[in-house]
Amino acid sequence: MSKRIKDFIDGEEFVGFYLLKEVEAKQTNSSIPKDYLDIVMADSSGFISAKYWDASKTDIETFGPMCLVKIQGSVQIYRDKLQVKVVRIRKATEQDGVSITDFIRSAPVSSSELLPIIDQAIASITNSEIKAIVTLCYERVKDKIESSPAAKLHHHAYYGGLAYHVVRMLELGEFICRQRPFLNSDLLKAGIILHDIAKPVEMVSEYGMVLDYSNQGKLIGHISMASNWITEAALKLGVDLESNVVLALQHLVLSHHNLGEWGSPVQPQLPEAVALHYIDAIDAKLQMVEDILNITAESEEWTAVIRGLENKPVMRLKL
Amino acid sequence: MSKRIKDFIDGEEFVGFYLLKEVEAKQTNSSIPKDYLDIVMADSSGFISAKYWDASKTDIETFGPMCLVKIQGSVQIYRDKLQVKVVRIRKATEQDGVSITDFIRSAPVSSSELLPIIDQAIASITNSEIKAIVTLCYERVKDKIESSPAAKLHHHAYYGGLAYHVVRMLELGEFICRQRPFLNSDLLKAGIILHDIAKPVEMVSEYGMVLDYSNQGKLIGHISMASNWITEAALKLGVDLESNVVLALQHLVLSHHNLGEWGSPVQPQLPEAVALHYIDAIDAKLQMVEDILNITAESEEWTAVIRGLENKPVMRLKL
Amino acid sequence: MSKRIKDFIDGEEFVGFYLLKEVEAKQTNSSIPKDYLDIVMADSSGFISAKYWDASKTDIETFGPMCLVKIQGSVQIYRDKLQVKVVRIRKATEQDGVSITDFIRSAPVSSSELLPIIDQAIASITNSEIKAIVTLCYERVKDKIESSPAAKLHHHAYYGGLAYHVVRMLELGEFICRQRPFLNSDLLKAGIILHDIAKPVEMVSEYGMVLDYSNQGKLIGHISMASNWITEAALKLGVDLESNVVLALQHLVLSHHNLGEWGSPVQPQLPEAVALHYIDAIDAKLQMVEDILNITAESEEWTAVIRGLENKPVMRLKL
Amino acid sequence: MSKRIKDFIDGEEFVGFYLLKEVEAKQTNSSIPKDYLDIVMADSSGFISAKYWDASKTDIETFGPMCLVKIQGSVQIYRDKLQVKVVRIRKATEQDGVSITDFIRSAPVSSSELLPIIDQAIASITNSEIKAIVTLCYERVKDKIESSPAAKLHHHAYYGGLAYHVVRMLELGEFICRQRPFLNSDLLKAGIILHDIAKPVEMVSEYGMVLDYSNQGKLIGHISMASNWITEAALKLGVDLESNVVLALQHLVLSHHNLGEWGSPVQPQLPEAVALHYIDAIDAKLQMVEDILNITAESEEWTAVIRGLENKPVMRLKL
Amino acid sequence: MSKRIKDFIDGEEFVGFYLLKEVEAKQTNSSIPKDYLDIVMADSSGFISAKYWDASKTDIETFGPMCLVKIQGSVQIYRDKLQVKVVRIRKATEQDGVSITDFIRSAPVSSSELLPIIDQAIASITNSEIKAIVTLCYERVKDKIESSPAAKLHHHAYYGGLAYHVVRMLELGEFICRQRPFLNSDLLKAGIILHDIAKPVEMVSEYGMVLDYSNQGKLIGHISMASNWITEAALKLGVDLESNVVLALQHLVLSHHNLGEWGSPVQPQLPEAVALHYIDAIDAKLQMVEDILNITAESEEWTAVIRGLENKPVMRLKL
Amino acid sequence: MSKRIKDFIDGEEFVGFYLLKEVEAKQTNSSIPKDYLDIVMADSSGFISAKYWDASKTDIETFGPMCLVKIQGSVQIYRDKLQVKVVRIRKATEQDGVSITDFIRSAPVSSSELLPIIDQAIASITNSEIKAIVTLCYERVKDKIESSPAAKLHHHAYYGGLAYHVVRMLELGEFICRQRPFLNSDLLKAGIILHDIAKPVEMVSEYGMVLDYSNQGKLIGHISMASNWITEAALKLGVDLESNVVLALQHLVLSHHNLGEWGSPVQPQLPEAVALHYIDAIDAKLQMVEDILNITAESEEWTAVIRGLENKPVMRLKL
């Protein structure tokens, strides 16, 4: 069993399997420059910087991002931080019996538990037109939703992050509908499931890590994409495009970022749209806090700054 | 039993008890100007404009805001709106057996139900220092909290509004602590109870209607006032002012408006402070929607615009 | 022939046909209040305030906005401005041989000249998929485009204003495509025709005057509506929804307001999208200037302030 | 004939003449540090990074920015980008028969064609006072305008860029004056020629590359400088400083950046000032797009981000 | 001797001389409307609303703003405020021996004391070129500076207000130059005298009351006007326009509003320019406070809100 | 006597005592990396970059920030800047007779002169409650105020900087109270002394250099801390917490940053609070200018940009 990166200590020597998250070929600045690999190695517990000095041309061609490898190395402190000096490195083979999914960061609840909850929420929608439109839109990305992150950096940026975000929002939405019976729970459920439904197509991701935005993502954006998907679904289902159902679903999706400068072309003007925006906000913000605390060493009192929280860090306060 | 204002119709003649919400002496623009009273009369179901033509000097001196009166009048349409023409008016007397509290707008749950819930929440705080500080601050305003509104205009602007806001937030906070066990529920409960604790002193209100801000309210503001109350409580209780408990409680109160331009001198940097801000936001925003729908006639599809929601109205959409 | 409002002078007595733009029943503030009608009367040259004292109940029921009437009256100066005192008023009848279209403000070029130019522009699009999508979207509003204004207040707010705006933009677009051959003129033409195509459905207008926004207009907005129409058209035409043609057309429409705070969910990222936004801006801003100068008396050196131009007025400077 | 930088490929060996755009002496980080030259070499087709290892003290003193040199070198890929390893380098001599102007980036139309167009535009101004003031201001910078760029980075940042910008704006201005005859074409022409007239003095540039801002440029800025030049010209010509001609020209120049935060002390309040601002904007923005597409490799779908376009890149979309 | 308006009490009858600040002819809303005059009457102690019922056509033509009149009237309370009912009114004649200057609001120190202080400050400038330019600019407005206000509304909005503002700033500037000897006191004095020097031409004022902005004021603004005056003065004096003296004076004037959105095309970049902006700010803001306290009744604890102080009122706190 | 860093010239060899401001262990990029120390060495005249090649493990452990050392080295130009090559280095010992205070940057006036001035100002407060509260708050930090800087980076960022800032503000405040007698000088003095009184606890500093913010500093901030200290002092002194004295002192402290986005939860609403904010601003801004000019070489015409002055540099203009 490989030593977890989170548990590395200064002076340690180790052998184990890890994932290469970033790999860059660089050259030393010596008068006769030599190649080396500047690496970020990862497992599901975290990540660490590593150097592989004297890399050969073959090494440079062999090792790239998302490679699963076996590494022999030692841990040192360099400029106040732990760093790995790679002694030996080779690609993992089938015989090694390791799988990439063991090395990636995932949502705290597995997709196999999350997806049935979403299915169930859809099944519980009583308005048949809403249910049908949600179903059709959801099916477009069903195969991707198992792995999709909810964002590139800010929150839920890992395997299954989107499904986890949706499930948590469904729980919160259900609670708030009980608190405030004037809210239409069909609409709120539909809004929660549809609000980020186009994210798996807006972003190109692999194993829960966003590699880039797609052209559609850049030129149209997930908000307008989802709005178009609703149009498409209604048209296929024969639901009147001028009906209040279509109007409401489009509005929920289009307004969920609340302000124009945050990407919403219209502002929330249905009670459920107001609820949707704030449920989305509270879940995203608290997850940002939880995520950064999880990857901050227990010994640290303060996390790094969090972009989505006014660029402020969070303190781990002991009472 | 007096006819409810909400049920007035054109052409109706009535006699009943009502509250004078606004009274202004005006003069007609005729060449020999005559005095009349321009009135807003109210009951717990709503309010309506009224005119009392040919008011005498005595009338002008007799009738003022917050007077409980018996009115005989007729309802007419004037410029597309219903308006009352007052025929006779007199002050209510003890014999009439009416009480001002029957005529004011109140939270949907009565204070007698809300206050024990807050008491219970305080009792459930396990950290004794937090519990003691919350108790001391809460006792300063206990007699006022039965009636205090949570705001002047925006949300919960009625009798018992503040207590209702706090109870709803406590429910939501409890739910979120179950969702996210890394949150300290003592701190979150304390933050919810303390965040607006100085509002009854910041604002001068009567029967749930804010009349003005106090000098303290204008020059210090409820956020810094609450922070000072915590200092005072800790000092009286002998709790170390440099302790993490005091630090955390101060921070929760000071940061709960999230941004400097919204009145918070520091931004949330504890997980519970992030949670507190968003729980406050979601409860306030949804209540604004619910409140405005309640006073908008059923026949209207759109409400008036809501300042706290980007100056947008809300639509009453039928599916 | 009726005297043009623009030519009214102090002391004048007149009889003629006019359009009632606004009519409000008011009461005098005398001790026995009397009804009168507060009127804005209009013709194609401008508008003027008018009073009809001693209006009867029948008068109040008879005269409303958009009524075509015959008025006998006199012109007086009141508080530095001309005002009409109505002596007699009656509704125009069929025998009078007057038509409402003679009394409304229109674009400087008639719709019968404008629409063929737009047809021709569509016909000149060489890419058949773009042409087909533009055609389908255009046909949805073809019957309304003859009369539609381009905006409620800011610019081109009159009969045929939208068509006039589009034609002027097409001229400018053609010129700029000649200046800069790297621009795709098919895309730019399509963008110009589609950018405001949903405005006739976003806004409810009559005779070129916007009365209100539709529910779709408020909850979805003309930008996202047009994007949805493109989806619908492509689906009906069998054009691949993932194709670059659909991507480009959607992007042109979605980005044409340039910034999130101006309503665009994405910012221009195609050369033609950059061109579209600035062609739209220059045409709208210069039309605001031209429109306000047209309704400002020749004797005035300064116009009223223009909201779309940083709330500044424009000066009529003589060299 | 030297190989064009734009056509360099990996592994290529070459000998040719190039311009040194940037030269910095650095030291290797080896234990006995050695000097080398870190170079950006350029020709009119683009630029590329180059290293000259083992540079002597004489080399460091000899080679600097704007040197024209003969280089023998080889092209390699380093960190995904092409880079030159310099083998031999010497300064170009008179005998080599090369001229610096062959190696710099220029406007698409040569200054010898642009300047007569500007002269002609001035000659066509009918108002003699306007023509005289424009002529006097223009003559101050006539010798510099052949080479001046229009900006440091954003747009038209090359030899003759300012003249090219002015000529394009004159074309557009002429077209818009035909579209909208209420505009005074004398004023618009004058505004176009004068709006950036002080830029050659605001910025210190060589061969179309801005090296720095002058003290006047920093402390007064080109907008107020041009305003002062108009004062000076009017005084010399005996044109009344209080006349509408001077007022209008000053206003055109002062308001052309539209907003205070963009550097204009007053906002456009003449029709021609509104036109000037938007003609300037459309020409600058479209040139930014064209310029960045020109230096982006054909194989790239997306350009780098463009500061003047909301920090967005532009896509090269194939239909 | 006329009774001071500040000392009027309810029920009082009076006869005296006053200034008509505003006069508007209105009509009663009675069925046979009658003319009356709606007046604001003023003296140097304050102002009060007044009505003159049953005004004749002659009265309407006779009485206008800035008329000096003799009034017989009575003081009444109307809607919580004192108001005058005019019984008799006539224009003041030469024989009455009253002068308009006795009835206007003035700076606390008379212009006859202020102007010599400014003269002295100019005389004390040691650099002869600076002294000459300041002198020439100052002489342009010397005849107006006796009466000019410093602003329309915000601060020093009264007879001699500009001179008073300048003198106070000179005192403060002298003190700060003593505190910080690295500042050049010639430049600071010149900047203080020149910074608002064009205000008397930017604004059209009478007796210290701003009636409007001039066309130059609107299209150029006092900041750029002053900059042009410096150019003009230097040209007339033969001071090199490229010299550091002209550069510095222009910069001081152009940058004194600090930010683009406050009207400055460049930001302060000389030590004296930084000092000038903050000396201007502190004097203007404190004068706003002092001015509003002076016209707020002693019995009031809070003043009206002050636009230049973030729309906040100021409290008159007793210790 | 050691050579002053400000006087170092290229090629110089020197031996002397200096302070290590920053020390970082780095490794060369040679194939066999070697350790070296990257140093910033300082004295009271300035600082300079230095390298100590071939540092041993012992050296790395020995030398750290704030070490006082004896250095033998030589000065060279590297990339246009002077840099020191360290030949020998050892820690200073007691026998060397040097003190760290000789090597740090200090306010221009020594704390031994500044503190009595503050004492005197407190003594001169006539209101005994104000005096007592100020005294108690001041005594909390009296031992730290000798050395405390007023800010981390922006202004007065050196030994005794806070005391110097306060003394200068007291002088200015006294002058302004003479100019404007309506200001209460007790309140203004108290506000000046209290406004930054919590800074020594908000920031962790050593020898006038801020190393970090304390947890209290981050979670509460110096503004709210000072407000709490006033509460505490009043409670201890038996001053009524609801009194106007406490209200005014709290308000002065809370509002002194003027705007919410600058950290003030309330805006200035007492005359003395307005004065306090602008006195603070003018002193801070002018000190920023003076500080940066002092550390900019005489030969440089322009300083580096100043964050607190709109990111603009300041010019050293010679007349």
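In order of appearance the chains are A, B, C, D, E and F, and numbering begins at 1 in each one.
Assume contacts are C-beta pairs under 8 Å (C-beta built on N, C-alpha and C of every residue); 3 or more make two chains touch, one makes a residue touch a chain.
Keep in mind it's a predicted model, so treat the numbers as computed, not measured.
Engineer: When you check each chain against subunit D and subunit E, which touch both of them?
Structural biologist: C, F
Engineer: In contact with subunit A and with subunit C at once: which chains are those? Just list them.
Structural biologist: B, D
Engineer: As a quick test, compute the distance in whole Å between the mean CA positions of subunit A and subunit D.
Structural biologist: Computed from C-alpha means, the inter-chain centre distance equals 43 Å.
Engineer: CA centre of subunit B versus CA centre of subunit D: separation in Å?
Structural biologist: Chain centroid spacing, subunit B to subunit D, equals 61 Å.
Engineer: Multi-chain contacts in subunit E: which residues touch at least two other chains?
Structural biologist: In subunit E, residues 28-30, 215, 218-219, 247-248, 259, 269-270, 315 touch at least two other chains, as defined above.
Engineer: So which chains actually touch one another? I want all the pairs, not just one.
Structural biologist: By the stated definition, chains touch in these pairs: A-B, A-C, A-D, A-F, B-C, B-E, B-F, C-D, C-E, D-E, D-F, E-F.
Engineer: Touching residues of subunit C toward subunit A in the complex: what are they?
Structural biologist: 215-216, 218-221, 223-224, 227-228, 231-232, 235, 241-242, 247-248, 250-251, 254-255, 259-266, 269-270
Engineer: For the complex, which residues does subunit A have touching subunit F?
Structural biologist: 28-30, 34, 53-54, 78-79, 301, 315
Engineer: For the complex, give me every residue of subunit B touching subunit E.
Structural biologist: My answer: residues 24-31, 215, 218-219.
Engineer: Could you please specify the touching residues of subunit C with respect to subunit D in the complex?
Structural biologist: Spelled out, the residues of subunit C in touch with subunit D are 127, 130, 168, 171-172, 175-176, 179-180, 182-184, 186-187, 244-245, 247-248, 258-259, 267-271, 274-275, 278-279, 281-282, 285-286, 289-290, 293, 309-310, 312-315, 317-319.
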